[in-house]
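Per-chain residue numbering starts at 1, and chain names A, B, C, D and E are given in the order in which the chains are listed.
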Amino acid sequence: MLAAINLLLLLFLVVCAIVVARTKDLLSATIIFGAYSMVMSIIWQQLHSPDVAITEAAIGAGATSLLFLAAISRTGRHEE
Amino acid sequence: MHDMILEMLGRILIPATQLFGAYILFHGHLSPGGGFSGGTIIGASFIFYSLVYRFSDKKHRLKHETSLWFEVGGALIYVGSGLVGILFGRHFLTNQGVFPIGEPGRLWSSGMILLVTLGIGAKVAGTVFKLFQELLEGGAEPDGHH
Amino acid sequence: MVIIERLYTNIYYLISVVLFIIGFHTMLTHNNLLKKIMGMNIMDTSLFLFFVSIGYIRGGQAPILREGVIQYVNPVPSALILTGIVISVSFTAFALALVVLLHKQYGTIDADKIIALRSRRHA
Amino acid sequence: MPEFMHAPVLIVAVLLLAAFITPLLGKRQAATNAVFLGAGVVALVLSVGMTLRVLAQGTLSYPVGGWPAPYGIVVLVDVFAAYSSLVLATVALIIFWFAAFGPREVRHNGAYFTLILLLTAAMQGMVMAGDLFNLFVFIEISSLAAIAIIAIKGTKESVEASFRYLVLSALGSGGLLFSIALIFMITGHLNMDYIRTTLMVTAEQYPLNLLTSIGLMVVGFGVKAALFPMHVWLPDAHSNAPTASSALLSGLVVKVYIIALMRIAYLALGLEIFALFPIRHLFLALSTGALVAGSVFAMVQDNVKRLLAFSTVAQVGCIFLGFGLFNQRAIEGGVLHILNHAVMKSLLFLTAGVIIHQSGIKKLSQFSGLGRKMPLTFAAFTIGAMSMVGVPGTAGFISKLYLALGALDADMLVFAVLILISSLLNAAYYFPIIISAFFGRDSDAEATDPAFAVLAPVAVLAGMVFFFGMFPSLMVPLVRQTALLFVR
Amino acid sequence: MRKTLTIVILLGLLTLLFLMVVEMPLYGDPEAPAHQGIMQKYLADSARDTGAINTIAAIIIDYRAYDTLGEATVLFVAVIAVTAALYGGYEHA
């Protein structure tokens, strides 16, 4: 059961990564990237590394997304 | 322009976030977390604060000097506690035998680890806030670019 | 058959390798500079996933010492990744600053257009 | 000399402390300069003391935090590290001097000096690291700081070049981190000594992992050190940076990655494993490409800084050639070339910066007659160029001689000829500049020699070119012992 | 043309890495070489040596504190670099 969930999460990661690369809308890509980081942090919690999980949730999903949003607000949302 | 909903949300959420960040920071040596995650959470609360009040009031904005002192102070605490080890005749960044280690499991234990965690927390909080602010509006002034 | 079985057991390594290639590809070939930076982040996180799964031990608990736990997971990779995550965010922040600056100077964040603009200036 | 026991970390700590304090000083220019230069001087003193100690007492291994070898981080200063640290501290101090008193090219010296100090601290930490992950951390600091001191100029070209540099550098870092992960996976250690001893046992069990890991490492360091096919970022980045940055980047930064790679080769992998895979032959092939391509591309440049940048590509090939030939004299030549090239390329970049600042001319085709208007500057340029060509009596001659003798020792005459050809190519693109500058038609450009304060660091570097050309024996004990680390 | 070349190279790299994954030590295996090195001592002694029961905190800020100093420095580099590039440094403040 747990193994199945983990497999699903891993699959989700790959799908997210491909979608991030494919989406034309940069804002959506950033949100999906945040989801990717969040799932990554859940996986790390599953692997019993809570320190890394909490840091990734705060820095990878939180701070990095915020920085991306700040940059997008100045450079335009759509890929030409 | 006042945004009532944002301000009310901010009044509740900002202290809650800061409390959570401080918990993670202070318990870095006892539970998951530590300087980097706790500092980022506190920094995020600063970001929220500046976003809520940015349009309404100039005096609520964090000054550049404040975040600079946060960063430099944190870094100096780190290097300083490393040099203390040399002053005591041990090695750089020595904890055992230089700082009081205390009883494992208590909040006030583990000597340098707690001190340095707090330093890193201050530094990271300042850094995250500063990075966001710079990316959002740094150099936007007409004289900011030649 | 044995190969498939090993690949399945090592599925975490496998996925991180796949993510590494996806990130690498995005970073190398995508024209949009922000996408390049996202690719860089995907590549970095894939390596962190790789590190964490190296550290995992079957039946291990989180390495916070307490009574009655026999097996902990390996704490060393976790400690290394904490460093890695911070380095990654530093690179991202600086790269984003450069993108903002490029946008201000060239009016676009598309690598091809920037190169075209630059060569027109030189010509 | 027990008082230099802490030098390996104190060098880094002092530079870091100065870097942390500099932004607090704000606009106080005199205080900023004092902290900046003071840190450089202290680092040099510590480095000299440490080198003497290493020469007298052998390898110095410093356990940070007091934790012994496999558990804590060990800073391992052997002769190679001491030599590299000495070269870094000396050349960096002169460049600091120029940055403080030379022409001002960036708007904010405070931030610029901070970044230079951080870069120097990271380079010092990198050459002395005895722990693989510690090395990686310092590599990342130096990469980020190196990119930042290009972008700080703020022109369109420099920002674009630094973004390209950042992308490639991040790719290299990714490769390095991957290779460290693989090595940790098959050994369980991060300390270089322990990795070597463990690899002797586990290597044959995981040959493909080890091969991939070494491959990724060579690619990662190759990108950062601008080894031939991975050098595409270098010409733009180095030629669009501020003058002091160009000198620092071309003179020191690319070499530090070579030093780190070679230290990994003999400390972490062990020479047996290094010899198992055809890395040496790869180095020989790539450095041949670098020497030829770098020189040929340099010949067709019209911008003086781009010419110097392409020449750096060729000289990096020269250093790798020494390690590729892999015998006593060739390695001595390569190691000496690290110092000599650092000195002469810094000299050339600084004089080029002075020329551009004083006359406003970047194009070589317009240099005609400038030498008579600013004789001292062009005299310094001539000295650097002579050393690049390898005129006897200059520093460049010594290292090229050693490299050529090493090629003969290895029974590979072709590489001795290659070095000769590269010297001729160097002559073919440096001497026309000098001849036209001194004897060409007068141009209408207004230019004079700059003030003494600006020329003083340049003069010191020019003196060093002759000094190391006349008295190479000063460095011989360090260089000879360094080569012995490789060919035991 | 360039696109196909990139894809071919990346597929080659992917194949190499897949073969490498097959050869790797098994996931979760307590006998894997990665767990034979320095890990045991950290778990056994960290509370006594450093006073921290979170072993990871003990590693990052005591056993490997020099790394973390570098890590804090990277952040410092980033913030100085970003301010210098965008705004012109702290002197403007």
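A few points about this structure:
To be clear about the criterion, a residue touches a chain if its C-beta (ideal position, glycine included) is under 8 Å from a C-beta of that chain, and two chains touch if they have at least 3 such contacts.
Note that the structure is predicted; figures quoted are calculated from it, not measured.
The chains in contact with chain A and with chain E alike are B, C.
Across the two candidate interfaces, A-B and D-E, the one carrying more C-beta contacts is D-E. Averaging C-alpha coordinates per chain and comparing to chain E, the farthest chain turns out to be D.
Farthest from chain A in terms of Cα centroid separation is D. If you average the Cα atoms of chain B and of chain C, the two centres end up 25 Å apart. Computed from the mean C-alpha positions, the centre of chain C lies at a distance of 11 Å from the centre of chain E.
For the pair chain C and chain D, the distance between C-alpha centroids works out to 28 Å. In terms of their C-alpha centroids, the spacing between chain B and chain D amounts to 36 Å. Across the assembly, chain C contributes 11-12, 18, 20, 23-25, 28, 53-56, 60, 62-65, 76-78, 80, 82-83, 85-87, 89-91, 93-94, 96-101 as residues in contact with two or more other chains. Shared contact sites, meaning residues of chain E that touch two or more other chains, fall at 17, 20, 24, 34-35, 37-39, 42, 47, 53-54, 56-57, 60, 62, 64-71, 73-79, 81-83, 85-86, 88, 90, 92.
Shared contact sites, meaning residues of chain D that touch two or more other chains, fall at 9, 16, 20, 23, 64-65, 107, 133, 137, 140, 144, 147-148, 151, 154, 159, 184-185, 190. Residues of chain D touching chain B in their complex: 6, 9-10, 13, 16-17, 20-21, 23-24, 62-66, 107, 154. Listing the residues of chain B that touch chain C in their complex gives 30-32, 34, 36, 104, 131, 134-135, 138-139, 145. Across the complex, chain B is touched by residues 50-51, 53-55, 57-59, 62-63, 66-67, 70-71, 73-74 of chain A.
Every residue of chain C that touches chain E in the complex is listed here, in rising order: 3, 6-7, 9-14, 17-18, 20-21, 24-25, 28-29, 53-58, 60, 63-66, 71-72, 74-80, 82-83, 86-87, 89-91, 93-94, 97-98, 100-101.
Interface residues of chain B facing chain A in the complex, by the touch rule stated above, are 24, 32-34, 36-37, 40-41, 43-44, 47, 128, 131-132, 135-136, 140.
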